[in-house]
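When the chains are written out, they are named A, B, C and D in that same order, and each has its own residue count from 1.
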Amino acid sequence: MEEVEKGDLRIGWARDHMPVLLEATRGMVEEKSLEKWRIGMAMHVEAKTAVLALRLREAGAQVALTSCNPLTTDDTVVAALRERHGLESLARRGQSRKEYYESLQGVLEARPNIIVDDGGDLTYLLHTERRELLDEVRGGSEETTTGVMRLRVMEREGALRFPVIDVNDARMKYLFDNRYGTGQSALDGIMTATNLLLAGKHFTVAGYGWCGRGIALRARGMGAHVKVTEVDPVRAVEARLDGFEVMPMKEAARTSDFVVTATGVKDVLRKEHLKVLKDGCVLANAGHFDVEISRKDLEALSSSRRRVREHVEEYLLEGGRRVYLLGEGRLINLVAGQGHPVEIMDTSFALQGLSVLHLTKHHSKMKSQVYAVPGEVDEEVARIRLQTLGVKIDSMTEDQRAYISSWKAGT
Amino acid sequence: MEEVEKGDLRIGWARDHMPVLLEATRGMVEEKSLEKWRIGMAMHVEAKTAVLALRLREAGAQVALTSCNPLTTDDTVVAALRERHGLESLARRGQSRKEYYESLQGVLEARPNIIVDDGGDLTYLLHTERRELLDEVRGGSEETTTGVMRLRVMEREGALRFPVIDVNDARMKYLFDNRYGTGQSALDGIMTATNLLLAGKHFTVAGYGWCGRGIALRARGMGAHVKVTEVDPVRAVEARLDGFEVMPMKEAARTSDFVVTATGVKDVLRKEHLKVLKDGCVLANAGHFDVEISRKDLEALSSSRRRVREHVEEYLLEGGRRVYLLGEGRLINLVAGQGHPVEIMDTSFALQGLSVLHLTKHHSKMKSQVYAVPGEVDEEVARIRLQTLGVKIDSMTEDQRAYISSWKAGT
Amino acid sequence: MEEVEKGDLRIGWARDHMPVLLEATRGMVEEKSLEKWRIGMAMHVEAKTAVLALRLREAGAQVALTSCNPLTTDDTVVAALRERHGLESLARRGQSRKEYYESLQGVLEARPNIIVDDGGDLTYLLHTERRELLDEVRGGSEETTTGVMRLRVMEREGALRFPVIDVNDARMKYLFDNRYGTGQSALDGIMTATNLLLAGKHFTVAGYGWCGRGIALRARGMGAHVKVTEVDPVRAVEARLDGFEVMPMKEAARTSDFVVTATGVKDVLRKEHLKVLKDGCVLANAGHFDVEISRKDLEALSSSRRRVREHVEEYLLEGGRRVYLLGEGRLINLVAGQGHPVEIMDTSFALQGLSVLHLTKHHSKMKSQVYAVPGEVDEEVARIRLQTLGVKIDSMTEDQRAYISSWKAGT
Amino acid sequence: MEEVEKGDLRIGWARDHMPVLLEATRGMVEEKSLEKWRIGMAMHVEAKTAVLALRLREAGAQVALTSCNPLTTDDTVVAALRERHGLESLARRGQSRKEYYESLQGVLEARPNIIVDDGGDLTYLLHTERRELLDEVRGGSEETTTGVMRLRVMEREGALRFPVIDVNDARMKYLFDNRYGTGQSALDGIMTATNLLLAGKHFTVAGYGWCGRGIALRARGMGAHVKVTEVDPVRAVEARLDGFEVMPMKEAARTSDFVVTATGVKDVLRKEHLKVLKDGCVLANAGHFDVEISRKDLEALSSSRRRVREHVEEYLLEGGRRVYLLGEGRLINLVAGQGHPVEIMDTSFALQGLSVLHLTKHHSKMKSQVYAVPGEVDEEVARIRLQTLGVKIDSMTEDQRAYISSWKAGT
């Protein structure tokens, strides 16, 4: 199948499976609510993102789009966006760091007044090299934990220059996207990249945040014996009582067949761990940046390195130990897979759409800080999701409402 | 075995398995930190609670204790407390409502200046009939969701008259006590009460809060086919993606072999549901009060009622349907079981002990509102728990801390 | 509640939940098919067994009943059988070995011509001390793996003197009774006996036969971290790929919080393992005989022993390690619990009922060997079970039958 | 990456992860045990199969290889086998039926005296069109359930003309390959083909044999709500007690988001089911032949059909319902994925290697019937697998052996 056709089918397939986004933004599209707004997006450019971008355009916006990661672009989607939908994007799979930042610059050239960011690189650029553009920016939204962490630091330091809606911490986002989206797609990516068995394998997940627990859960669901490493003691107790083994990475590394990082922190796997890694261990990263597994240390410690399969590089370590790094340590679910399942992004992007709308309406009263997604938006998206699932739920009676509103009803 | 002996063994067994409480309160005991403090406790009087009460006494406090529920007292523990430990308690299993409130009054007679409450009845009594005692109360702590809900209403209405620490919402509490404590003990209670099989059964959990999800998880762990009812759309989506079926109670009732309530709300099972309940359905409650399954409606709709087993009453409904109510609709895990596993209460009560200490130290600077357990207390308890489990975890390097403290490190 | 009343309610409750047995034996009862037959039963005398015994009597048989284990009798059921149903039994909870064998002798005094055995003690007695009674025995049925193992040896050695139907290896038996019956009831017994938490605990199951895998599955279902020990390499691989850790007992003992045996073999936990057992470890047995955990070795190695709870004895081992033996090492699910769930025994006893009928009809053509339950009986019981569950299934079309009956239909 | 290189890397990767096959056949290779033997193989031609074929050649055999399915060949592997290993194969992905049979004929041209078959097409051809070659065939081995079903019919009808070893029913085969191999690879294939979410989806598995239960287990492990259809009542009860819903396909079809067939029977999804299929339902097959989902009926009932994604065809049915057929109804794990995980085939092919050796040694004493893999071969492979996993297990003591060899040790 030809590239453009392939990409367009993927976009069509995604759109067909994104009823929540379509329904949540129906009003916006009917009313062209985003007319005159210029939206700059830096997100993984693949089918689901294309649907969001096109939908924002349907609502009247001008959209400039590039990727938020050098290795996660689906080139067929870029081609289809250009050829079939007239939406140009500089994104390309396998960009150099330089090309990557040039693409971000390209988006900024469109002088966006709304930013839709994923990981914070676009926001960073605006606040450093391209401060002259800040004045036109009315607000932004951020998709992922890592980006929110950066924004929180900016906020604390007083560096942030426009209001940002933290889509990541909406309940309809992190409960599903971070956990079940990452869980399924990371496992899918690992299976596709390796064709190795998971059942009975020792599988270590670094980090027991929402992403980490999704991966841990799904790895167990495939029959693996899962271990967790953590730095937070409460999360460590939780992982243990969730039925996982908890131990320091140095100990986990000795016995693991797979190690997957999802911490948002750098050098989670570094020299001291690489030195004791079990022969044959497969390493993958599901965190936003490619810093969690230290490639510098891998290279320093290895006597040779060769590609042994698509998406798999073998490093030969001391003692003849072979270690396999998947997808250069970049987001495994997008590098070796197709990213989160469509329905997951459907929900997340419904939140994005409504957050953009919220910014266009309320930016003048908003400060340069990080805002939560309004509770009613969260609930609204949940209600549409239930509808699309054909699920009905109970509602409280008057009597019940009265009951929980009183402190006098006891034994 | 004789009552006193049985109760004392239970207390001893519990104490032997509560190293976190002992360690967390070691300093308090060594320094007699609670000397001159009078603590009034209303908690399920069973072995683990006895360990907490005795420990507070070891730290110097005068302790007055009674139950927070008419049907959850372990009489052997009451006997052992009296005979072996000189701690008198009016609690008794199977109290009438009148006797129950007399016992609470008994605790108040001791003129407590710290309140340790579970469900809020003691706090309620202080704020209504016994307001003359309020002046001496320096603060309180609350153990359970229902009590916190009542306190939040009091706070909103400006009715609350002393600071209360919300132990329930500490991470080391709700993640484990509400979820895994309730999960295991509710299932244990149901199995003990019925000797029925769970595998393959249709098992409905009303409410997908922390308690509800613990029950749902454990019921699935025993092989049941689990359904969830909810009123919150986000939780409903979560339950569905967690792999449970979600539907209104009216639909669930038609096909369920078991229905267990854990909502904190009254009349979750009422006429409209009872009318369609499947023949043979077993009803149990895991919420704090016995209001979730309407016994009034059950009685109104049934032509006869008889005890068919210890803890099981059969109601004969229209159409010859037999429905089995466990433990009179009171907390099934305490009525038919032994309450939460010891190690769970170990953690929860370590939080209680430290919260009481915190109140004695800081009450003068605290307002009449609901306070969270300080984050460092939560972490401290987690660290002790990890220690007792023999689990070591990683800690962040300087480099890593720097990394997450900067917004400038990106792609 | 009075003993007799309590026992009778239990029998009634069980009967109400045993529709498969009632339906499968309906014809037998209507036709009094067992008239003139004397049945000698040695089974755990508790509510479900009472239902079977009474049902066989309804079908016309004379029934003599005692227990197959000194510590598993429900005395309330014995009382109710005697007082309410006129069925005398010598069974009593807590018999000495001598009393136990006297009770078996009591059953033989009734000169049974059909034997319903569980574990093989009755059969053993007949083939050793009471050979003079063999002539009248037309056949037997055996309920459990251990009994079948003994019968197979007898068959191999030519010692067996009447035909025996191996109920244990019917699919409708071992898939459910051994696996899910044992799984649920053993866990229930352990929770009742200890009130300890399972989530996050290291839980070792010795033996990965049908019972062992049931226990392993349910322990995992309660959140435990489960290890398996095995002697069969294929089963060991299976346990590993089922997601459990597999290791020798000597290694498992060092780190386990619980060890449960289900092997059918003696001395599974013996000196070498007891010497390294982790402090605080709980030991329980789910195998038929109390030989799996060597009490002799426990006593030899311990400096003291005391009862610390009902069903729990503490042994003090070298190094101050405390080890807790549940229920004297006898079947934990019956000693500390109520045995298998009712519905499980419903199915197993339907097979027993039909097997007895089969023996009465076909014994003259049967040899002194071990017979499988006829496939059609297995299927018949399955069909009734589906009916009681309200489950419908597909059936093959003519076309489909033709398809699988031909070797010529290929690619 | 170039085709040949890609294929060769895949073979190398597979070989590196197949230590059991290498170890089990080490002696054969050292002794060139297969010298002078001509082996005709019809198996899915992909990396793992290539390793087996090359290994048999290393042991001295002449090997002729083609595929057992028109749509499962990995063309890169065919290229690598030809260019790098000098092993010619006519297999090609996407063969017509005619080409497919020509390739089988090609293998027969090599006049094999040992047949390694998968599904039985090669065996069929030998017993029909190419009977003249039968005289040279000393024996065969069969890999899969479907092939064994055909062989059993041939055996019953007296049509079989050489001894065949039924590798499929070795414990080390079906417990792992059929269950966990199919489970993981089918799910992987479905995720790759659709990028759809599994969590919370209604997922129906037709057939609860070893393949079906693997799929059901893994679908549940990914968070799906799994239903099972069966024709065997015992299996139906088992599926239900394993926690799945059981119902006729006609009912399942109405509510399913995914239906996956694994029955070995034709027309499992036919007109009556297609008429009520839920809009948006995804259909896939994991059975050997593409007959389980009736494409004939799909075409008859649909008004249009179009490719909407690689491996996905959309059929438009009455009422505007869209139904998605994956991989033309052929083995989804090979069509859209990479087949079973390497380690799974490692074990299965170790059994194949040893079965071929067994045939060469014992064929003269074997009859034209279906033989089980000898128990000691099964155990040997298990022991090597444990070794490669670094797992040690217990072994019985003399005392224990004596215990289970006696029928006299009882209570």
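Everything below uses one rule, namely that a residue touches a chain if its C-beta (ideal position, glycine included) is under 8 Å from a C-beta of that chain, and two chains touch if they have at least 3 such contacts.
Keep in mind the model is a prediction, meaning the values are calculated, not measured.
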| item | value |
| --- | --- |
| Those chains which touch chain D and also touch chain A | B, C |
| Label of the chain whose CA centroid is most distant from the centroid of chain C | A |
| Result of counting contacting C-beta pairs for A-C and C-D, higher pair | C-D |
| Distance from chain D to chain C - Cα centre to Cα centre, in angstrom | 37 |
| Distance between chain centroids, defined by C-alpha means - chain A, chain C (Å) | 52 |
| Chain A, residues touching no fewer than two other chains | 180, 199-200, 220, 223, 240-241, 389 |
| Footprint of chain B on chain D - complex, ascending | 199-200, 220, 223-225, 240-245 |
| Contact set on chain B toward chain C in their complex | 1, 6, 9-10, 12-14, 16-17, 47, 180-181, 183-184, 187-188, 191-192, 195-200, 217-218, 220-223, 280, 307-310, 312, 337-339, 341-344, 389 |
| Chain A-touching residues of chain B, taken from the complex the two chains share | 68-70, 97, 100-101, 119-121, 124, 128, 149-151, 153-154, 157, 159, 171-172, 175-176, 180, 229-231, 233-234, 236-238, 240-241, 246-249, 251, 264-267, 289, 291, 378-379, 382-383, 385-386, 389, 391-397, 399-400, 403-411 |
